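Consider the two complexes below, in which subunit A is the common component and subunit B and subunit C are the respective partners.
So, the complex of A and B:
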């Protein structure tokens, strides 16, 4: 009665085959990441030193460190976050909690999706037109950061909206029934339960911002500028552009140098991602319903 | 076995005239008219999809949160037409609502009950403490949670969460309490505890009890109304419903368990 019939056996075999092929895809997907990391660590690892991180490039960028680029990247990220997080979170709260489902909301949602799909070089040209020329920021950290902010806004908006939507509707209704206003409900019940998702979105944005090259090339990142920026109206070097420059634009660069720069860049991104994962893990432990 | 209140000489707490409710073009409840008085439990019975929940949503104007939902007719609460309450938040605050599925907000038990007082501006710790204790006591939950008020409300069992929901509704200091099939996700023992609590609460406020358990209406309600498929059939003393003293044969059939 409980013996496997022929069809049971066949179904089981098909199931196994499918599981195996999916596993294969997963391994294929992970392989390039591991290879990139291995190569970077092997070739660039020896470059990493206190001097490399904290001194200026010398000899026409064929020697010395990456300090101005490191500081530049960090400033670009910080200014971009200051510009985009409040706007993005506010927009997401509006779309998730206030907006009615009408044609205007649908157009806005469509625009956000499309903004995410715009190539970064197009954002760069937009940044030149809008921030460098129209708002007269000149080529500066400010212009480059705003360009990055516009480019990464969809990341923040979508992540925030998703995490707001993940808070059960019943919580909101319970709150409204108590006579709470929409804002009281958002502030007391929705946001505290969505904060982990919002922060994840923000940190994802950081890693994207740190790695982008095209949007900052024309708007604020300098080819070679061995001084630290004094204000957001100065130009600055940036790790991503520096990597491009030492890999392709400057002759006689020792082979390990670009690998070292790449390792620092990917290190920043991975560090950010791990912080994000750890933080989400921590907050998820506190969130229970 | 509850005796009906003397009602003729009192002004109603809630007065409903020719109320019809619509979702877009679809009419989900038509021509409801009755009065509900202070200190009574008013039962609403009827099979699923009869418009009972929609009816409750109108009373505290939760229809504003549902696109396309609207109503016609007159609803007068506390001597004032609900369409004339400028401050809907005050209207909602004076009407407590308990849903079929318990909603423990993901904050501590204490904060669940202190939330509404905080929202209306009470800051003093001592005052909050006493409100929390009083509401949890009246909801028959205090003894079970008094030593762990900092535990997340959403971690309580279903029956405890439902009593927490009631305590939270009481923390609004409501004049009227709406219960929507509160016992659906609650064990029988807790149901009896809540029913006992409701009998006490009747002395402080007006209670509307929507239920599809006919016997629950019999145990608790002074008067009962019968809704069927979006139609208001009749209302009367609960005892009359169960002694067969009704106008519509469908009421008798439903109460006797012939359908629904």
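So, the complex of A and C:
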């Protein structure tokens, strides 16, 4: 019979110690953030009311609500999605369905990684140089949204490519054998099977876009604009910038106000991410192949 | 009379065929859009910055002088203090984030299973989603008084504050990439080692970690890149004073924060405006090389 020797016992003890220390690291990583969330909810929670969400800021932004910023963020996100989703999905279709394993594909992949890695303030410089000045959009929702769209393009591309590649190759072969062209195959077989995965990526992009601040500071988001934008060529307020403004730029803001703004912003972002995650789990459960 | 030859004798030349070709071109355009945009960023940022580099920039002053005084009567554009600010904050962030990230990646990938693993992964993913302006606000409103109380210093917006905030921001990303790297190690490696009598931690330290070394290195690098390029959090938490830091309790100004703080006040096309684009060039080049290095480490030089 096997009997635990001293070495076995010692190893087991060391093993337990090591496992525990790694668990401790994980817990230590998560705890500060959970505490922070708790503080945000505790201090910002009482601010949240129907009135706060749906009225204009008053008294030089030291009182009132966040309605224009909320609407501004929603418009920025919508225009950015309209601009980036078609391009991103096309890029992903190319990379997953057409691209060969060659230098061009490698450069495209590198470009996408870099697009995601370039600092957001450099994206802002690009937005000012390209959209605001060169294409003469001025500081507008359009310029800000396009800047955001370029910045978040990698999110759509990566998510879409993954869900396209998750469709089994046999599906495509079966379709080609029926005499379908490549595009017919993609349109009728590949995309319908990948659409929910693509949606997950799009929701994730909404969350990224809503939270970004630096790229919109100089391209279209206004510090204070107590009315709603009428067209995409207007400036608008945005939640993320509003949080920056009320917490650093405006004197005599009551302490809870920025907590309330932060809570709404983080609420939107985490809600979007949770939907995306829940959606992913649902899909995983439903998958038949 | 001879019958006219049929136009479309080949059955490929119908509408579906043309549509297919058209879509192929269109999708190709989408495919290279990533390249177009990255080249576009390069061109538009360089276009403005290059004028400054050629006309006004003194390389020795730019990299050697800590005085960034673009608005004084005799403006000096020394970026040394800004570079030091970025370096100190990023350095501290990496020091705090790396042990925790690698540690939790190992725990998630090697020691946890089933629901715990799933839960931890979701938690990390949600942490990574918190916007940088919210982090900046946390540095401003929660960390600031905390640091003043704990260390008895006059101001809590400093290298320590920004570094810790940035570390907390970078950690989830590093954890995710590191965990992917560990997951990519084939299970056969673990099974083979276990079959030889190795314990769980011996497998982890002697087999899995060495095999995942490259992936872990690139995880750290991408974390560095993230910290280096972070703007809002650093702008709000680092305290905004342009000088060379000598202790973690000194306030600093980072490269990214300088652009964010000053771009709105400059006239388009002015010397100051173009100097800020030059800082942008510096940021672009450094992040480009960080990403390139991470990519080369993971994929190997030429082969895939």
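Criterion: the second predicted complex is superposed on the first by the 252 of 289 C-alpha atoms of A that agree within 3 Å, B and C clash if a C-alpha of one lies under 4 Å from a C-alpha of the other, contacts with A are read in each partner's own complex, and residues count from 1 in each chain.
Criterion: contacts are C-beta pairs under 8 Å (C-beta built on N, C-alpha and C of every residue); 3 or more make two chains touch, one makes a residue touch a chain.
This structure is a prediction, so every number in the text was calculated from the model and none was measured.
Once chain A of one complex is fitted onto chain A of the other, the partner contacts of A:12 are limited to subunit C, with no touch recorded for subunit B.
Touched residues of subunit A, counted separately for subunit B and subunit C, are more numerous for C. Shared-chain residue A:39: touches subunit C; no touch with subunit B. Of the two partner chains placed by superposition, subunit B and subunit C are both touched by A:184. After overlaying the two complexes on the shared chain, residue contacts for A:101 are found with subunit B and with subunit C alike. Overlaid on A, the two complexes show subunit B and subunit C touching the same residues of subunit A, namely 101, 181, 184.
Of all residues in subunit C, those touching subunit A in their complex are 16-17, 19-20, 23-24, 26-35, 37-38, 40-41, 44-45, 47-48, 99-101, 103-104, 106-108, 111, 120, 122-127, 129-134, 136-138, 140-142, 168, 171-172, 175, 199-202, 204, 222, 225-226, 228-232, 236, 256, 259-260, 263-264, 268, 276-277, 280, 283-284, 287-288, 290-292, 294-295, 304. Considering their complex, residues 11-12, 14-15, 18-19, 21-23, 25-26, 28-30, 32-33, 36, 39-40, 86-91, 93-95, 97-99, 101, 104, 106-108, 110-115, 117-126, 128-130, 133-134, 150, 153-154, 157, 181-184, 186, 207-208, 210-214, 217-218, 240-241, 243-244, 247-248, 255, 258-259, 262, 265-266, 269-270, 273-274, 277 of subunit A touch subunit C. Considering their complex, residues 60, 62, 65, 67, 89-97, 99, 101, 103-107, 115-116, 119-120, 152, 154-155, 165, 168-169, 172 of subunit B touch subunit A.
Those residues of subunit A lying in contact with subunit B across their complex are 100-101, 170-171, 173-181, 184, 188-189, 192-193, 287-289.
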